[in-house]
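Read through the structures below before going on.
Here come two complexes built around subunit A, the first alongside subunit B, the second alongside subunit C.
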Partner chain A sequence: MATVKGNGRKKRLWAEIKGYRQQYLMMTPTIIMVMMFGIYPLLYVLYYSFFKYDGFSEPLFIGLRNYVRLFQDSTYWNSVKNTLQMGVAIPLVQIPCSLLLAVLLNQKFRGQSLARAVIFVPNITSTAIMAIVFYFMFASYNGIINGVLMKLGVIDRAIEWFGNGMMAKTVIVLFCTWSGVGFYMVLFLSALQSIPSEVYESAKVDGANKVQTFFGITIPMMGSMFQTITALCIMNALKLFDSVKALTNGGPGNSTEVMTMYIYRYFFETMGTAQQGYASAVSILSTILVMVITLVYVRCTRKMNY
Partner chain B sequence: MSKRVNHRRDMILLYTGLAIVIFLLIFPLIYAVGGSFKSTEEFLLGGMKIFPDIWHPENYTKAWKQANFARYTFNSVFFAAASVLGIIATTSMTGYTMSRCDFPGKRILTGTFGFMMFLIGAVTLFPIFQLCRKLGLLDSIWGMVITQIATAQPFYCILILGYCNGISKEIDEAARIDGASFFNVYTTIMLPIMKPILATTGILAFRDAWNNYMMPLAFTLSRSELRPLTVGVVLLKDQGDGVAAWSTMLAGTVMSIAPILVVYLFLNRYFIEGITAGAIKG
Partner chain C sequence: MKRMKQFYAVVMAGVLVLSATGCGGSKTGDGTTTPVASGENAASTKNKTESSMVAGGVKTEIRIWTKGSGPDEGIQKLIEAFNESQEEVQVTYEYYGENYTSVVQMAISGDSAPDILECSGGITVQTLAKQGSLVPVEDCVTDVVQENYNQSAFTPEEFYLNGELYSVPVRVSAYRLLYNKDLFEKAGLNPEAPPQTLEEMREYAQKITEAGGGETYGFGLPLGVAQIWERVIDPISYATSDVQRYGWNNVTKSYDFGANKKYFEFYVDLMRDGSLFPGYLTLGIDTLRANFAAGTIGMYIDGTWMPGSYATQIDTKCNWDAAPIPVFAEDRADKYWAEGGVNWVVTNGKNVEAAKKFYTFWLENQTIANTYMPVPRNDARANDLDALGVEDLNLQGVEYSFKTDDLDIPKFEPHKFISLEGDDRNTVFTNLFAKAAEGTDISAALDVAVEDLNKRYTQGLKDAVAEGNIAEESIK
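For the complex of A and B:
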């Protein structure tokens, strides 16, 4: 009886699938590509995380040993620490800046759309390429930043911007703010524009000042949009690669190395002595870390949803 | 009367604030352009000068000829153009279908898309690299093109899906009743209506491909003749010749940024609308 029922359901499903033949055909390129370039690589990484594998010779099953090594690998945890610092520092600078700009641009004034278009410009330029330009600007002996600061008398000796981890990280945060502020501003702007203007009118009637209106109405009314944008910002900061790679290449030492660079290095840069098995384990753990952090953030800020 | 004055003061503050912000944001670009015309000696002197005393346009010809930038530029253009065409062709079909039909497996597909957006790029890069090697795709730009198209699927499918949800279903249902097949409705009726979102997709996809760095870097580690501009320029920084190549490098920097700025100059509306639409859906 049960099998007959199962057969019937199978038949119905089959008929349904057949009815969508043309639709499936149209989606075939996407489905094949997602399977080959999305699902297969993930399974590959998961599988080889249990193997000792260098990409060429026979993989050797070693159980959880890659993961054990990973938990003892202080270089990895150093990169995790750096990633987390970036994940906190970058949004802390980026979000207020872009929110402030969005509030400014939400006013009606001449040249508003021009200003929006110009502020967005850094976002369309290549992160890797512009990181090089920042590298020149912050060069210690002949960079223009030191030049200006010395001329203004703010400092009397050239600052070694890439001399220690703290300074190098500051430059990375500045660079990320420069390249991302326009992007998040555009997002915030669309969130602000979704707030009905009557709300502001009534706040004005009630005698609220601008600061009160901002924290009492604007932020709560953006609700889930605010949460989505900040979550996106955090996630992007955790996934940082291009900017760090081109700006500091992890240096000085490995004081600015981030998780993505660590993964990349073990997969690609140790050619010959590459450790794909170990890199796979690093990948799995790092992916889980990014997901958990983002989800925890979303959870913790859920009460902001109205 | 006092309100008027207040308003005026606010406006002055607003314009001054925006002017400072815009100056800070545009400054690196101006600095790159100025530096690209300096001789290496002048550039190394440093100081506060943005533009050179003596202009050296030959930095550009040097970069174009000696540093292989002609090749890099061709690669970048080919890579970006082919990726854009591929992405538009595939995601418009999938996005439209997902918007209109409740086919079995739709939820799995949506879930996979969602998960793929979480992924760190570096994680799946190596298996993809191996896959392309086995398929013999690493000997040409096509390996990079296909990878670019494939990894862009989730974002653009969902972007187009969202746009199609906003188009009344009555339009295509009427055509279906008249006997047109699903595919015919897509090509003759929907594609023209979808033009704005296809333009947005094309532009954002162009930006992504043109600026992509990590994937082309890995794919061209041992194949310098396939490198796009981003990889070529950054590599100059890490190469041994060090400061000697700085002015060439800045010329390369400007050469790689200029094309996308020109595109943006004419089509910035689509960029910003695309970003907004994508965020609301995501």
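For the complex of A and C:
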């Protein structure tokens, strides 16, 4: 009896695979690449996190010593703090800006397509190049931002935009908002366009004004998309690297150093012998932290799935 | 129809897989990027093309890998001269920039290392020699090389293993004070009399800043450079005391970062005077050099390789010169720190004899390289200003940049072999400087930081000795 049932299940499974073989075939390269360039390196890094390894000499097994050191490393936890600050500040600014732009550009007016394209352009430009341009714009010597503000009489001497951690983080948030708002705007646009127009018409008939319509209908009906977009935004902010590297290089001091930069430093930039074993441990813990934050966010916002 | 769909699915899957492999390339010495076919590399593709063009005879192909971020005309011309001088060996070189360390690591692991490679970016001669990846190069040190080379080029222990020599650095790199003679004149200072003492340097920096009216500043301190304190503290400490780089006291064989304090405080005073070029906390070296070339910075400290770079790569709009780095009035400068640069090694591959033939030519003919990329070299003949042959270049700052008789290359520097736990000296000092820039009194924090640095570096040293990375004799 059990054999008959087992054979039946196998037959059904095989029939299903056969029925969807085109789809499985199309997925195969992606699965191979994820295994080769995602899963395998992750396991490789996990392995070396238990070793003292400089990339050339024989690795020396040290057990959990890298992790013990990591938990006592105040510079790493400073980078975690900086990362979390970015993870909160960037979405807080980027999401409302993207949503507002999406609502405005969802209306038909002359130049709508051009406006959408212009706002999206930063997404197809190299982040590092844009960050370098921002660096020069906000430079305290001959920077255009200071020049304009002084000309307008807003300030009477140049601001040291990268002079302290808080100011430098503000510039980073501004840059990330400007460079990323186009992408999220496009996602919000598609969410807005999926809301049936009859709902708006009914609300209009019932006498709802624009603000009531926005908060009572638009936002709730975008629920699951809103959750996804915000999760993407938070994860991207937690993985920041190229913009911080080009804008501040973690400075002044290491007041803007984020987790990814800390990992990079120990893999490639340490004075003396490289510490790839320690950097591997840092990578693993950082990955776990990002996963935990993402899971907590998804759990807390599951009611947004409408 | 269904079968056609399946066929297309298989074809597209195959195209996807193929497009993900066989991409990328390396940069060859002529500056072009050569696409890398899977299973080959650019050099072998290029070499195969070249050797097929050679009529008769098969040349041995030698590959050299360097860390440069762009083509070095000096290296290219020297390689051309070698290739033209004989028929048996053909040399090409590739530069990898920031990817160099990881590329070399993979090549060595995969037994596809080049015949000659540059040891830099964390790759040390001793590590590779211990692995058996290198061959000694003593037989390449001919009488010509012995007679003409700065003898301290052969002293660093890091180029030896078990008494055998594995690398001979061809360049000698040190730090000098670079100063803008036009700004000196504008501030009422003698452009031919750079500061001799740090006290004078501070005074001159203030005068240049005052005369600049917000357009020019007295001193450039690029704290965006990770190793900045290695440039602006260590050479002075080395010249005036027993404390070498990174706090290593070579007489007591112990760490003493306390000796760095007075220099650090000097730069904090410069900052408080308002003499530093703005944006110093995140200022990178390239931005600093661009501003110096544009004539907005009075003085800064940079490497002796800069005259060549300013002459060949950066459009300099000011008259400038190089001078020895000033020291405090109470101190006396002896020999300034230097290091041997461009440490090439010969790998233990199948073309050892051919590679050594080139290596010998490389050591004996640095003058050729210097006529195209003038930098101070260990071969005294190459540093002869008349031999530089660079009449068309705006070559400034040569007198002190090519002067090597007041330089000393240390025999042993432990910080290169230490795996340090926590922030290194540079990061600690930059963080403190940032706090000082906010107006915080850092004197107590500086004392704590110095004590912590001594403790951690000493522990790192003990661990390095225990793991065999540093020989006990080196620290006795």
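Here is the rule we use: the second predicted complex is superposed on the first by the 269 of 306 C-alpha atoms of A that agree within 3 Å, B and C clash if a C-alpha of one lies under 4 Å from a C-alpha of the other, contacts with A are read in each partner's own complex, and residues count from 1 in each chain.
Keep in mind that, in the parts below, a contact is a pair of C-beta atoms (placed from the backbone, for glycine too) under 8 Å apart; a residue touches a chain by one contact, two chains touch by 3 or more.
No experiment lies behind these values; they were computed from the predicted model shown.
Judged by the touch definition given at the top, the superposed model places A:V154 against neither subunit B nor subunit C. Note on subunit A: of its two partners subunit C and subunit B, the one contacting more of its residues is B. By the touch criterion defined above, A:Y141 reaches both subunit B and subunit C. Contacts of A:L13 after superposition: subunit B is touched, whereas subunit C is not reached. Applying the stated contact rule after C-alpha superposition, one finds that A:N249 touches each of subunit B and subunit C.
In the superposition on chain A, contact of A:V133 is made with subunit B only, not with subunit C.
Once the two complexes are overlaid on the shared chain, A:V88 sits clear of subunit B and of subunit C alike. Once the two complexes are overlaid on the shared chain, A:P29 sits against subunit B and subunit C alike. Once the two complexes are overlaid on the shared chain, A:F268 sits against subunit B and subunit C alike. Shared interface residues of subunit A, touching subunit B in one complex and subunit C in the other, are 22, 25-26, 29-30, 33, 55, 135, 139, 141, 249, 268, 271. On the side of subunit C, the complex with subunit A involves touching residues 5-6, 9-10, 12-13, 16-17, 20, 98, 101-102, 105, 108, 122-124, 127-128, 130-131, 223-224, 226-227, 246, 277-279, 281-282, 284, 287, 291, 296, 415-424, 426-427, 430-435, 437-438, 460, 467, 469. Subunit A contributes residues 13, 16-17, 20, 22-27, 29-31, 33-34, 36-42, 44-45, 55, 101, 104, 107, 109, 115-122, 124-137, 139, 141-144, 146-148, 151, 178, 181-183, 186-187, 189-190, 225, 228-229, 232, 235, 238-239, 241-242, 245-246, 249, 259-261, 263-264, 267-268, 271, 276, 279, 283, 286-287, 290-291, 294 to its touches with subunit B in the complex. Contacts from subunit B toward subunit A in the complex involve residues 11, 14-15, 17-18, 21-22, 24-26, 28-29, 31-32, 35, 43-48, 50, 89-91, 93-94, 96-98, 101, 103-104, 109, 112-113, 116, 118-131, 146-147, 149-151, 153-154, 157, 181-183, 186, 207, 210-211, 213-214, 218, 221, 229-231, 233-234, 237-238, 246, 249-250, 253, 256-257, 260-261, 264, 268, 271-272, 275-276, 279-280, 282.
Across the interface of their complex, subunit C is touched by residues 21-22, 25-26, 28-30, 32-33, 52, 54-57, 60, 69, 73, 75, 135, 139-141, 158, 160, 162-164, 168, 248-249, 251-255, 268-275 of subunit A.
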